[in-house]
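Reading through the structure tokens given below for one structure.
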Amino acid sequence: MSKVETLATLSEVTATYNDAPALHKVDLDLPEGKIIAFCGPNGSGKSTALRVLRGLHSPVQGAVSVAGRHVSEWNPRDLAREVAMLSQSPQAPEDMTVYDLALLGRYSHRGRFAALTDTDRNAVDRALAATNMTGIATRTLGQLSGGQIQRAWIAMVLAQEAPHIFLDEPTNHLDIAHALDILDLVTRLNRENGHGFVIVLHDLNLAMRYADHVVLFDDGRIAGEGPTQDVLREEAIRTVFEIDCRIITLPDIDRPVIVPLKRCELSAICAAE
Amino acid sequence: MDGVIVWTLRLPRVVLAVLAGMALALAGALMQRALRNPLAVPSILGVSDGAALGVVTFLWLFSNESNALTVSVHWLPVAAILGACGLAALIAILALQDPRPNDPLRLILYGVAMSALAKAAVTLMMIIGPVYRAGQALRWLTGSVNAAHWSDVAVVGGGLFIAVPVLIMARLPLNQITLDAASAQSTGLAVNRSRVALLILSVLLTALAVSQVGAIGFVGLIAPQAARLYYGQFTLGYLVVTALIGGLLVLTADTVARMILYPLELPAGALTALLGAPLFLTLLTRRQNVQS
Amino acid sequence: MIRTLIFLVLALTLSCVASLHLGLRVYAPETVWSALNGGASTEEIIIRTLRVPRTIIGALTGAALAISGLLMQSVTRNPLAEPGLLGINAGAAFAVTVGLTVFALSSPLAIGALAVIGALIATALVFGFGLTLGPSGNTGPILLIGVTIAALLASLTQVMLLLDETALETLLFWLSGGFADRPLIMIWGGAIALPVALIACASMASGIDALRLDDQSAQGIGVGVTRIRLAALTLAALLAAAAVAMAGPVVFLGLIAPHIARRISDGSRGFFHLALITMLCGAVLAVLADILARLIVAPGEAPISAVLALVGAPFLMYLLRSRRAVAL
């Protein structure tokens, strides 16, 4: 793969779901090699933007390019080798085992008639180890808890071994310890192997702590974009989420934390605008 | 004279066509909802094949060498209803005794297997038995409304008359069951009980209609789908539209069947698909174009 | 797992051997053996020209329909999907009926050719309508369109046959499906279609396995969902068309053979393995049903679809009760 400075670009992209608008003429450049968080209120268009970027949803108008090529020029296998994606509520049969699920992530690497290679097995084993699933790899999905299922899916995405990984709310169903595990894993993969991540995150504090770069969505438009601490500021959070908050630095932690206070008064929003 | 013909022949025929169409369409809608499968129709629970088995058994048992029935022909619908409900009950018992009774797929598979058995039995009985009985049975199996009496109308009408208030009372569970089983359960719906109740209602409605007009196909499958495209969400209004489309479809089919090759009359059951299919395909493509 | 395959191959061999011996007349093993070695007595010629072809046609048809049904159920994720839903049988019956009533074509070869043409046109019609709805991953509409077009064609056929009773008498035999007295040349259809289909299945296997996930996730790991679905349905249609040319409209087999196969295989070996087991199950079922069809209403022959139901339905129910849950 040739080295490109931008991971993906949206220009003038408008997208809808069954005629309901989701994105309005969005322009966006995502830098390569970073952990990028998409934040914003429910229904602000962040998941749609991710799906459009991955070629899972066609925009009504506008151009989308990802990993150096227009999204429609990619064939599905090649794109999957470049960009892996975990969607929001994925579904698999209950009698499928964790190992088999992770193995499906190797789809784009396997030849049409080829048997499993050691490369495939090793990739799956690494993915299972990274997500702490090795011990229960032979269980079926029906036997797992919600958090374990989520980690099994993340193992599938990792087994894909794509240099870029898109995650739509990966911390769904996870307790705080496992959520931190996953995001620490994301950080490690980014720092050590240079994987680029785009992650839809609901929790602003997790975004503050783990993201290098944040895109803030509001009602189908982009309300802010840039390095994390430049974007997640009290005023921006107040206008986008309509809450009052304080951003404070704590000793021993290099990133500040966001403390939500209360939903702001309607008059306060008007005043802010 | 014309007045008498209209009153004793035409009018009951028209009313019966409409009512039977309504019953078949409603039954289809309930079945698709309860089993969450757009291809599920009452015949999957063995209703049509059970009724056919009832009728063929009846003809087998109660007709003599000279092709005459030894009992009154009015018992024929009873045999059909008994066959339909009997086979449906058998399928239900099999499904309930299954290790995983909550899975609609298993109910469907039991239904498919038992219906196929009943159909095979019917075919074999028609082959082994004397030819004249096969002819009688075949006429019944295609389904038609041309020998309608007011008494037939009363049977189907009575069934619908009982079903309507039940459906109105059941409108909340009907909406709720659109959710997946777990979510529906957690919103307070007794999923299994509701599903069983819907299926029973659906089987009874179909059995009544089939007993009077024979196995008119396609209405139960397509009327609910067409209503969905035309009207939208699953509500009481949707059920009304479903019933109207069903009634209209059978009525038109019967009228065309009577007129098209006059004086030869075709069975209405042969024409429901001929008329309904283009209607459905038009609705399907038109809605899609509006959307895109 | 290899054991299941060996067992099924053995079962198929045994049922084929039984099929050569059993029937209205039961032949001794030596007669069958000398018939296969080119004996010239009447009995031996009967075995060679009647029993052998119908056994081969039965096995090929069963195998083709079973794989066809498996492909359809797998890519649509609907357990009720079967070849008839693509309009195959209805299209074939319609074309054959038109050929007879309008063009007076009644030679077995013409009927076989018409059946294939009708089946493929009906399928093309279903796909055509399906694609006007956009290349959506949602297969609900395709199945509904299939049912609708099948019903439409069946209805037209029924009307034509009601109007022309002699046509009904001529076609009744063909329309009820069966493996006896079929034109031999049709065997080639199945003999070519099956290996090709198996290769195609092997090449699509990993994609079809991935379709067990939801469409989004399948696309995410690089599966061309729409393309693979269309390819699988086309293959299913071709197989079913080959089957209908060989044996007329045979129902039920394509529906239940995959369900039976899923319950005797352990499910973790992937699609190609399942396809092999399904194919063998289909072939065994068809040959066994054909033997029964000769015996139960002797001296007549029972329609194969009815016998298939008699054999397959109880077996399916037995498996339903005895085994663990199996997802699609």
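The letters A, B and C name the chains in turn, as written, and every chain counts its residues from 1.
Going forward, contacts are C-beta pairs under 8 Å (C-beta built on N, C-alpha and C of every residue); 3 or more make two chains touch, one makes a residue touch a chain.
Everything numeric here is computed off the predicted structure, so don't read it as measured data.
Participant: Name the graph shape formed by the protein chains and their touching pairs; answer line, ring, star, complete or other.
Facilitator: line
Participant: Where is the C-beta contact count highest, in terms of which two chains?
Facilitator: B-C
Participant: Could you work out how far the Cα centre of chain B sits from that of chain C, in whole Å?
Facilitator: The mean C-alpha positions of chain B and chain C differ by 28 Å.
Participant: Quick one: report the Å distance separating chain A from chain C, using the average Cα coordinate of each chain.
Facilitator: 45
Participant: Find the geometric centre of each of chain A and chain B from their Cα atoms only, then give the gap between the two centres in Å, rounded to an integer.
Facilitator: Those two chain centres are 49 Å apart.
Participant: What positions in chain C touch 2 or more of the other chains?
Facilitator: 325, 328
Participant: Can you list every residue of chain B that touches 2 or more other chains, as numbers and ranges?
Facilitator: none
Participant: Can you name the residues of chain A that touch chain C in the complex?
Facilitator: Within the complex, chain A contacts chain C at residues 51, 54-56, 75-81, 84-87, 90-97, 100, 104-105, 107-108, 110, 112-113, 153, 156-157, 160.
Participant: Mind listing the chain C positions that touch chain A in their complex?
Facilitator: Touching chain A from chain C are residues 202-203, 206-207, 209-210, 212-214, 216-217, 219-225, 227, 267-268, 325-328.
Participant: Sort out for me which residues of chain C touch chain B in the complex.
Facilitator: Listed in rising order, the residues of chain C that touch chain B are 78-80, 85, 129, 132-134, 140-141, 143-145, 147-149, 151-152, 154-156, 158-159, 162-163, 252, 255-256, 259, 296-297, 300, 302-303, 305-310, 312-314, 316-317, 320-321, 325, 328.
Participant: Under the stated contact criterion, what part of chain B meets chain C in this complex?
Facilitator: Touch list, chain B to chain C: 37-40, 44, 94, 98-100, 103, 105-106, 108-110, 112-114, 116-117, 119-120, 123-124, 127-128, 142, 217-218, 221-222, 225, 261, 264, 266-267, 270-274, 276-278, 280-281, 284-285, 288, 292.
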